[in-house]
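Presented sequentially are two complexes of subunit A, the first with subunit B as partner and the second with subunit C.
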Partner chain A sequence: MPHDKVAGRRRRMDFFLALPSLVVFVCMGFIPLALIATWSFWSFDPDTYWIKPVWSLASYAALLENGRATVLLRTAGLAALTATASTLLAVPAATVVGLLSGPRRATLLVALFTIPFFTSGLVRAFAWRLVLGREGIINNVLIRLGIAHTPVEWLLFSDFAVVLGMVAAYLPFAIIPMVLVFARIEHSVIWASQDLGAGFWMMFSSIVLPLIMPGIIAGFLFVFVVAVATSMEIQLLGGAGASSISIMINDVMRVVNFPLAFAIATVVVIFLIVLVIIANRMLKLSRLFEDLGA
Partner chain B sequence: MTLDSMVTGRTNGGRQVFTAITALSLIIIYVPALYLLLVSLNPGEQLRLVVPIHYSLTWYVALFDDHRLFRALKESLFIGLATAVMATPIGLSAALAYRSMTRMRSIFLLVILSAVFVPGTIEGLGLSVMLRLVRVSPSWVTLTIGHLVWTLPFSVTVSLIGLSTVKPSTIEAARDLGASPLRAFVDVTLPLMRGSLISSFVFAFLLSLNEHARAYYLVGRQNTLPLHMFGAMNSGVSPTIYAFSGAVIVLSFAAVALILLGAAPQVRAIRRSAV
Partner chain C sequence: MTHNNCNNHSQGIQTRLTRRQLVQNTALGAGALAVGTLGLPCAARAANEINFWATGTLDIGDPGWDILKNESGVKVNFTDNGNDPGPVVAKLAAGNANDIYDVGGLQGGSEKELAKRDLIAPWDLSQIPNYTNLWQWAKDIPYLTYEGKIYGIPTVINADSIIALREKASSVDSYGVVFDPKLKGKTAMEDAWINSVTFTAIYLKNSENTKIAEPGNLTADELGLVMEFLIKHKKDGQFRTFWNGWEQGLQLIVNQEVWVMTGWEPIVYAARDRGVDCYYAVPKEGYEAWGNNTILLKGAVNRGLSKMAHQFANALLSGFYGCKLGTLRGYFVPTENNVAYATAHSAAFNPDKVKELGEHVKAKFAGKVYWQNTRPDNFQLYEQWWQRLRNA
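So, the complex of A and B:
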């Protein structure tokens, strides 16, 4: 039947169109991760300064030594704090974009929240040093207003600075999924609530919040995942000796303890995959993006 | 009718509170960079604001003597271009596949988007050991591969957005008038997608230019810009690094703003079609 033939040709076409990207993601994205996971069970070979196929769980045991577990937990903790703060800012911001602005202002705001993503994260983290430093603008203002007499020290090179830098950097990750969800809200629902005389806060808490909940959770997760992975905010803004998962991996690689570096990486990737799968099951996150191809 | 017109009556302070929080968010995002920009115009050695009449480009002029910086810049520009040249067509091709796929659609999209969430350090580490296994030594090629994996999801997304503004009826019209699928693609789809293809290219370029974690593992002998800058930021800070940061801020903000202004009609079209 000609219909089958057309469908078959079309399917072949889809395959060839999808092929280049699949090659990139499978060969250059997935296989390296699978290699790392496998090699995390091998052992260091002092003769070649590389690894040898002697299976061992030693690296996973070493994960729990020398405060490495603390670094893992601390990184996750700071990321969770960052994600919470970002979400608290992002819900109102996304509501302004999605519910309280006309098309022109909404477009402008989406642009303003998107721009920083494509600019240097390194420079933006570095800029906080000037703002928060002893001679920075915040300390200047505090002293001039008489609120502080000497520069406030904990503003910079502290967890506070790290979280602030991460919130500023990754806030857009929380806002964008919420804005996408707002676009799917049925107009009639908002209209009905207004028609029935619900005040703004009533409408917001009992109608808007439940409807955008998938976006809120997706936003929280996006920020969390990105904040777990980053290292530059901690390296530029964190206190002396502050570490994170990425810094720890780099340090372990520098002392050529390859299997341990691979083990840390494996644990983190598995943790992130499980997180994303659970969220996807719960919320059908991929549906958020399906509009794009509609 | 837009969603905002449904909100009638008073908001009991809701509008004000939410607008204030939005403003605070924008302040947190933009003020540090602007502050750095102003401080970099201070001709003295101290890192504080000066009154505008004393603004000077002293440190910007001093940049031109920094040859290591320029070598790193050249390397990064080259790798960024190479990445964008590859990511744009591959992203378009993936978007076309996704659009006409019927089965495996969400799995395909999940594979593409999940690449964004793999930590850069880990992806860079994995790629570097894999390339070591096949005896490829680090160079601009290895880093470009790493950056392709990083930027491709964004190129796919931007292409998908662009593709969603091309109405299927337009293509069907071309086909009815006798155009072959290829002809319809080249003469109808591609011109309509010009804006998003340019965005896809520029975004891939900028993402590569600013990437740091993968570069740490994949770079060849010549440092890229972020690696060079990171070194400069963590050693004794000379004011030239502020000038250079300022230049990076101005140029990258200008580039993205131009692209987004060009794409504004499309963004609006999506908001409308999503509603």
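So, the complex of A and C:
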């Protein structure tokens, strides 16, 4: 069969295989986002409590008022802190799973890391209140050991509690991509480095770390994106009236200010897309997929 | 008689749309779908069926609704509306709630806005004979009417104040305790401007002589004063947290995270059940009263279900519903019909208990009360100030 014909048939097959996913992405991903972006430029109609197609930048101007920009930046900051902490914890954890374990232990460890997902996020976050509170386990231990004489107040209802709650909840999002990258490392490379006299740290820093970097970046991004979108940990563990992007969108929707809610959502989506593009350009995220389509 | 008016919306659509209009209408339609709840608005229903869309705590369960059906002839399909008035109003205004539901049960204050936009219809009191037995002060709630017509029927009412731990704050009689520097970091308020702003306004009006006309409906200047006061106290570290929802509020008291907080009375009962010695304060400034009101959705009128909706509203005030709801959740329907019903059905309900609940609520209303208002005139300004408070 001529080469062109084979290539043509393959392209058609590829297209039909990808079609269901493409349809789902367009219908459930792209179109709603495009609508939200469009509506963010429309105006609130007090007569109907809905929006009307009168184009305006008012909602974007409102983003700079009443501390809304601060909420955007603060949420991004907390998410970055959470993603950084999760990534730092995930590297050794993924190393144990991907480099130092056989298949059975690796399976067991991955299963253990996914345990947090077996229960609802709300219950998870709520449980931290019982651990970190004035009468919580940690304060009781600190007082019994004489380390503190009164309950440590900042353990709960603080940024510390929020970041701790988010790291505990979203750590698996950082571990799993790294474990998958570990699975692609040729063991002969590691053996060769050992044959040449490299110790564990030399081998890890000069061979393994560069190879798993796309997994580290992917893990960081996964945690960052989920942390940007969450509200539970901030609402349950944060200080008085602590806000996040999700909480702000909820507040705005309660007073039917739809264009402003859409504008906040649009800014966040654009920010995340730009972040992924930058990560790809600078840190070669696409290396995760370099073996595909061969 | 049941009319099916599902296609009425499309009858007025012009046949020659420009491409821009088409895109705009499509976008608006998609938005309405996004805001609304997917459902089958025109599914066949019996002529005596009413779709009741209300706060979850108003549900008396299938056994209860079955008895109500036997007594009134109205079959009730209950759907929880989530209680938060914001999304409810949004679904009525921009979603398809009016296509699906006939009668709503909503925290009071939105009636005027909904009536103005023709989303709800006025009640015809001549079709609700039990309305005459409603307590007078419930009938006098200021936001039930619009242009002289009654749009909201107070079905459940109560009044909220302060929860306090007896051991830590033994004689609370003022909202001032929530802002008392001696209790810095030991107090909390609800993460909802509807309640927290009203409580603060009640306090400032009565104890700090701040010029506030109506704590439930602040002018822009009044709101500014109240919010600056809250922001100052938040910056000073007065509040341990702002609580959100029943479980969170209860946990704060049970684990003694806070010693005093504004909140709901049922939290006191639940905390006592868990062995915590706490009480509900009687504030000298007055209670924040709230009503969960029954509203007639315009869609029901369009579908020819107005008469059945009135029959249902009448049944809610007939005594059985009040007894059942009081037994299930301790909520009170403001009518003497409850005691009369319990007396006539003493095998099912304890008349003394029913009377006791009524007297308890009545005692709260014997003093000063200020009505909670879910849709003050400056409601979007409230949200803007709340954001500033969050960021303070």
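Operating definition for what follows: the second predicted complex is superposed on the first by the 248 of 294 C-alpha atoms of A that agree within 3 Å, B and C clash if a C-alpha of one lies under 4 Å from a C-alpha of the other, contacts with A are read in each partner's own complex, and residues count from 1 in each chain.
The rule we apply is simple: a contact is a pair of C-beta atoms (placed from the backbone, for glycine too) under 8 Å apart; a residue touches a chain by one contact, two chains touch by 3 or more.
Quick caveat, the model's predicted, so the values are computed rather than measured.
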item: Subunit B versus subunit C as contact partner of A:F126, first or second or both or neither; value: both
item: Comparison of subunit B and subunit C by subunit A residues contacted; value: B
item: Which superposed partner A:R144 touches (first subunit B, second subunit C, both, neither); value: neither
item: Touching partner for A:A265 - first (subunit B), second (subunit C), both, neither; value: first
item: Partner chain in contact with A:M253 - subunit B first, subunit C second, else both or neither; value: both
item: Which of subunit B and subunit C A:R281 touches, first, second, both or neither; value: neither
item: First, second, both or neither for A:G241, with subunit B first and subunit C second; value: second
item: Touched partner set for A:K5, first subunit B, second subunit C, both or neither; value: neither
item: Contacts of A:L35 with subunit B and subunit C, given as first, second, both or neither; value: both
item: Touched partner set for A:E153, first subunit B, second subunit C, both or neither; value: second
item: Common interface residues of subunit A - those touching subunit B in one complex and subunit C in the other; value: 32, 35, 39, 126, 130, 133, 135, 235-236, 253, 258
item: Touch list for subunit C against partner subunit A, complex; value: 24, 27-28, 30-32, 34-35, 84-87, 89-90, 93-94, 113, 117, 185, 188, 191, 234, 239-242, 244, 247-248, 251, 255-257, 379-380, 382-392
item: Parts of subunit B lying in touch with subunit A, wherever the complex brings them together; value: 1-12, 14-15, 17-19, 21-22, 24-26, 28-33, 35-36, 39, 46-49, 89-91, 93-101, 105-106, 108-115, 117-123, 125-127, 129-130, 133, 145-146, 148-149, 152, 156-157, 160-161, 163-164, 203, 206-207, 209-210, 212-213, 216, 226, 229-230, 233-234, 241-242, 245, 248-249, 252-253, 255-257, 260-261, 264, 267-268, 270-275
item: Subunit C partner contacts - residues on subunit A that touch it in the complex; value: 32, 35, 38-39, 47-51, 53, 65-68, 70-71, 126, 129-130, 133-136, 153, 156-157, 235-236, 238-243, 247-248, 251-258
item: Contact footprint of subunit B on subunit A as seen in their complex; value: 10, 13-15, 17-18, 20-22, 24-25, 28-29, 31-33, 35-36, 39, 89-90, 92-93, 95-103, 106-107, 109-116, 118-124, 126-128, 130-131, 133, 135, 137, 140, 164, 167-168, 171-172, 175, 180, 182-185, 187, 190-191, 194, 199-201, 203-204, 222, 225-226, 228-232, 235-236, 245-246, 249-250, 253, 258, 261-262, 265, 268-269, 272-273, 276, 280, 286, 289-294
